[in-house]
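Every chain is named by a letter (A, B and C) in the order it is written, and numbering of its residues begins at 1.
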Amino acid sequence: MTTIRAFFVGAAAAGLLAFGSAAQAQDKTIKIGALFPMSGPGSYFGAQDKQGVELALEQLNKAGVNGYKFVVQYEDSSCSPLPATQAAKRLIEQFKPDVIIGEECSDATLAVMPIVEQAKIPFLNAGSSSIKVTQPGNPWTFRIMPNEVMQGINLAENAYKRMNARTAVLLFENTNAGIGNAQVFKENFVKLGGKVLAEIGFGRDVNDFTSIATRVAGLGKVDVIPTYTLEGQGLKITQALAQAGVTKGGGGSAIQIGTIWLPFGFEQKAGKAALGYIRIVQFDPTDTRDVAKGFASAFKAKYNADPTHLNAHAYDQIMLIADVVKRGGKDAQSIRDGLAATKNYSGVTGSVEFDKTNQNIKMDTIHYMETKPDMSWTSLKWN
Amino acid sequence: MSDPALAQQWPGQRSMLRSRWVGYLVAVVAIAALPLVFKDTYWRTNLTVCAINVLLAIGLDFILGYAGQLNLGHSAFYGLGAYVSTLLIVKLGIPFWFAFVAGVAFAGVAGILLSVFAVRLRGHYLAIASLGFAVIVHQILLNWISLTQGPLGIYGIAPPPALTIAGFVIADFHNLTALFYLVAGFALLSYILLSQLVRSPIGETLTAIREDEVSAASLGINGAAWKVFAFGVGSAIAGAAGCFYASFVGTLVPDAFFISEAFNILAMVIVGGMGTLIGPVFGAILLTVLPEVLRGFGDLRLVVYGAALTFVVLFMPGGLAQAARVVAGKIGLRRPA
Amino acid sequence: MTTTIVLQQAINGVVLGSLYVLVALGLTLIYGVLVQINFAHADFVTLGAFAAYFFMHLIGGGYLLSIAVAFAVGAALGWLINASVFTPLRHKSNELLPLIATIGVSVMMQNIMLAWFGPIPYAFETEYSSQVIRFAGIFVSWQNVIIIVVSVLTIALLYAFMKFTFLGKALRAVAQDRETAGLMGINPNHLIMLTFVIASALAGMGGAMLAPVLVLTPFAGTSVIVKAFAIVIIGGFGNVEGTILAGLIVGLIESYTTQFLDPGLIDIVVFALLLLMLAIKPTGLISERREENV
């Protein structure tokens, strides 16, 4: 009998031990996978995203949320479909995240979406504008950034009505986001009565924009030049347009406009050529809301620099996930449901509420900025 | 030159034949065993990439090492096979295996066309012509957006449809292991095909042309026709690799077939040992695995890759095959020359 | 309006073309003397650009001087690669091996630069790119003026060197027939080294001048090198006049294709031209009399 009793005690003890260590091994963490470009033409996205993420983690993990701490694993998706596909597969297989944030570039985001759908992991995006990310209605993909349609309609209206623009030349990179944004602007601008004089698309391997700028110069009176491209080529375009005397910065009259794309700091690199550039940004450094001011000062304290929209939207992604966890999210499925149910969340880049297609429909995420002669920004209260 | 009677009488002949078929058997066993050794998805993915690269390497080796044609644009045929088959499936709904044959045929015909065009060119001229061809193909894939989607890419490409017999599924290619067996099996079959070709009178003809085309012509050999044939075979195999690549990765973009890819394949052939058939197999495996193994080195891993390539060429130009022969000689395994 | 545009694009094309010529000249010189292709040539261009960048930003030197620095860096690299790669491989019969070796060197160089400089594009600004001369509706930045002046001077000097100096003639002798040149008491090895050094110095200098034009990353050279190969063939392998002519033509093709068609078609037009040349006249636009089975 003693042996049998010993056996049961032993089994009970072993059971308790296993249960206890299992409870400890569970570690109560939320695993966040991060797909950001860290190499290639979009690598500055990844570097700045990481800063925003780290600031958020630092603040959150001091006390945790509902007993959970947050852990992030980064993978390099290179702003391009193929590396993004491979990075996503690696991330899911090896890290097994509860939620994934990223990518920045629409092409990469679109490529990753089928993978996260199959793996049933929620995917929170803050940087891709292509309508294809949410339009088909993806239960597992969420976007807090206003999409190209929301921005494009708004931009075309403001160009026509507030800027009195009647002619436009579109310059865009040949990617989903570039082509998509350009198309939306064109449709809406023409509908209002404007005229598109030319649509010039170019690959990411094009270096010299003098010839393109010359072509634009030969088109007659151009009022606005909507430009959709990454920073490397964006700089060249802005300088070439000024050299050709087309834009304000070069003595001409045309104004470059754009949707959320180029980060803060662009003007410092482009110089005088960027004078008068008007564009939609995702984060307004002059935003007076408490959450924005708090973020800006915390960021400045940690990094000794002013935050860009990339820092801001990455911060928002982590903080929104934390809010979902506070409301009860703890694994992939519950986080997904929590995201879908978000109403009136106040983020640094604006408010968040998702519609049926998981697109954030709050328009206060659209902020307009104009570049002043001293290369600083002034906020145009157009929205 | 190749008198069958004479060949038959050579003492080691039959045992060589036997050892070759033993070698194939060993390969089959190895292929079967590999996914059982490497259990995680990451390495199983790499195994399939190895198999695809082996296909590319042996195809190029046939053109380069056996027919002596300086082809620097092998990535073009790879890309054509991938895009033709994928577009047929995605846009016209054509079943996978029909699209596969179409892709292979298209790539093969492209190779024949390039070869016909370049048949008068030799040496570096052919090299640059093939490079130019590869650039044009890449640019067309990139810029003809309405047809190929260009840099926007084609996503969510499905793996080959499951193999069923009387409603019973014997292989589901969503399963990585099954997909690996398919690609590796095809690679082995291609290898056997090329190996037999090389040992046949066709192979001897190609060698004659490679060594001295003028003298070969004096023997009545039509060098041009055979060069075209070799190009067609090699490029068709590359097309097959492309078809597998698309359904394996699931995402297709033109930049996967940039000319740097042609240089990677060339490196596999050289490091493995140009002019032998088995060398490029190991060259492909080594150069596929090396960057993955070196991932811990971070940015420096590709530096090591480039250094490895340079040193092989400088100190062991016959590649792995030469190294193997040296080692075999030292151990005393050398066959009579 | 249209004539102004046509003229402007002609100027743009000539500027671009001069840059391509600088890069392609190096390749053609190497090929002429060595009958070898150096795939790492692109990376000499890139490294020249970075050398100029760091000279200006770390040491605070002026732009014009940085061009000379890039020239020197290119020369040093050329000496290094020739000594370590081409010379040991010279006596092997397989002509592909040095080509592959240079591919390996290219991969190494690109990734060393990547590890060292990072992937983020560097903005190479000089005081000359924003200063623009305007007359009769045409604009030329001072940067472009410098490019044209330096290129023309360099090409003229090189041309004079090849035609009128003893070393130059010796180089051409080695290019035509190495064995006979050797018999005449010329040391081919020294001349080959000299050629390499000059060619790579040209590449480095080209990089310093291309830097404000290109998006400067460790992979900047690759965008230029393939066109450079095309130019070398269209102009005629080993032929200096042909390369100059072909380079200018390609530059003009680029600007006019952008103007009248689409920037994306540039490479297709250039390479279609290349294949056309190979079909009709493989020896190039201006061919030297060469005994060779082409």
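Operating definition for what follows: a residue touches a chain if its C-beta (ideal position, glycine included) is under 8 Å from a C-beta of that chain, and two chains touch if they have at least 3 such contacts.
On a predicted model such as this, the values are computed, not experimentally measured, just so you know.
Student: Could you run down the chains that neighbour subunit A and subunit B together?
Tutor: Looking at subunit B and subunit A together, the chains touching each of them are C.
Student: For the pairs B-C and A-C, output the one whose chains share more C-beta pairs in contact.
Tutor: Top pair by contacting C-beta pairs is B-C.
Student: With centres defined as the mean C-alpha position, give me the subunit A-subunit C separation in Å.
Tutor: The separation of the two C-alpha centroids amounts to 40 Å.
Student: Approximately how many whole Å separate the CA-defined centres of subunit B and subunit C?
Tutor: Measuring from centre to centre gives 33 Å for this pair.
Student: By the touch rule stated above, which residues of subunit B touch at least two different other chains?
Tutor: In subunit B, the residues touching two or more other chains are 142-143.
Student: Which parts of subunit A, given as residue numbers and ranges, touch two or more other chains?
Tutor: 174, 203
Student: If you look at subunit C, which of its residues touch at least two other chains?
Tutor: 114, 262, 264
Student: How about subunit B: which of its residues touch subunit C in the complex?
Tutor: Answer in residue numbers: 64, 70, 117-118, 120-125, 127-129, 131-133, 135-136, 139-140, 142-143, 259-260, 263, 266-267, 270, 274, 298-300, 302-303, 305-314, 317.
Student: Across the complex, what residues on subunit A touch subunit C?
Tutor: Going by the criterion above, the answer is residues 38-41, 43-44, 47, 174, 200-203, 205-208, 210-212, 214-215, 217-218, 220, 231-233, 235-236, 239, 242-245, 250, 269, 271-273.
Student: Within the complex, which stretch of subunit C touches subunit B?
Tutor: Those residues of subunit C that touch subunit B are 31, 35, 37, 39, 85, 88-89, 92, 94-101, 103-112, 114-115, 222, 226, 229-230, 232-233, 237, 262, 264-265, 267-268, 271-272, 274-275, 278-279, 282, 293-294.
Student: Going by the contact rule set out above, which residues of subunit A touch subunit B in the complex?
Tutor: 80-82, 85-86, 89-90, 93-94, 107, 110-111, 113-115, 174-176, 179, 203-204
Student: Mind pulling up the subunit C residues that touch subunit A in the complex?
Tutor: On the subunit C side, the touching residues are 1-2, 4-5, 8-9, 12-13, 15-16, 114, 118-121, 123, 125, 129-130, 132, 134, 139, 141, 144, 213-215, 217, 220, 223, 254-255, 258-259, 262-264.
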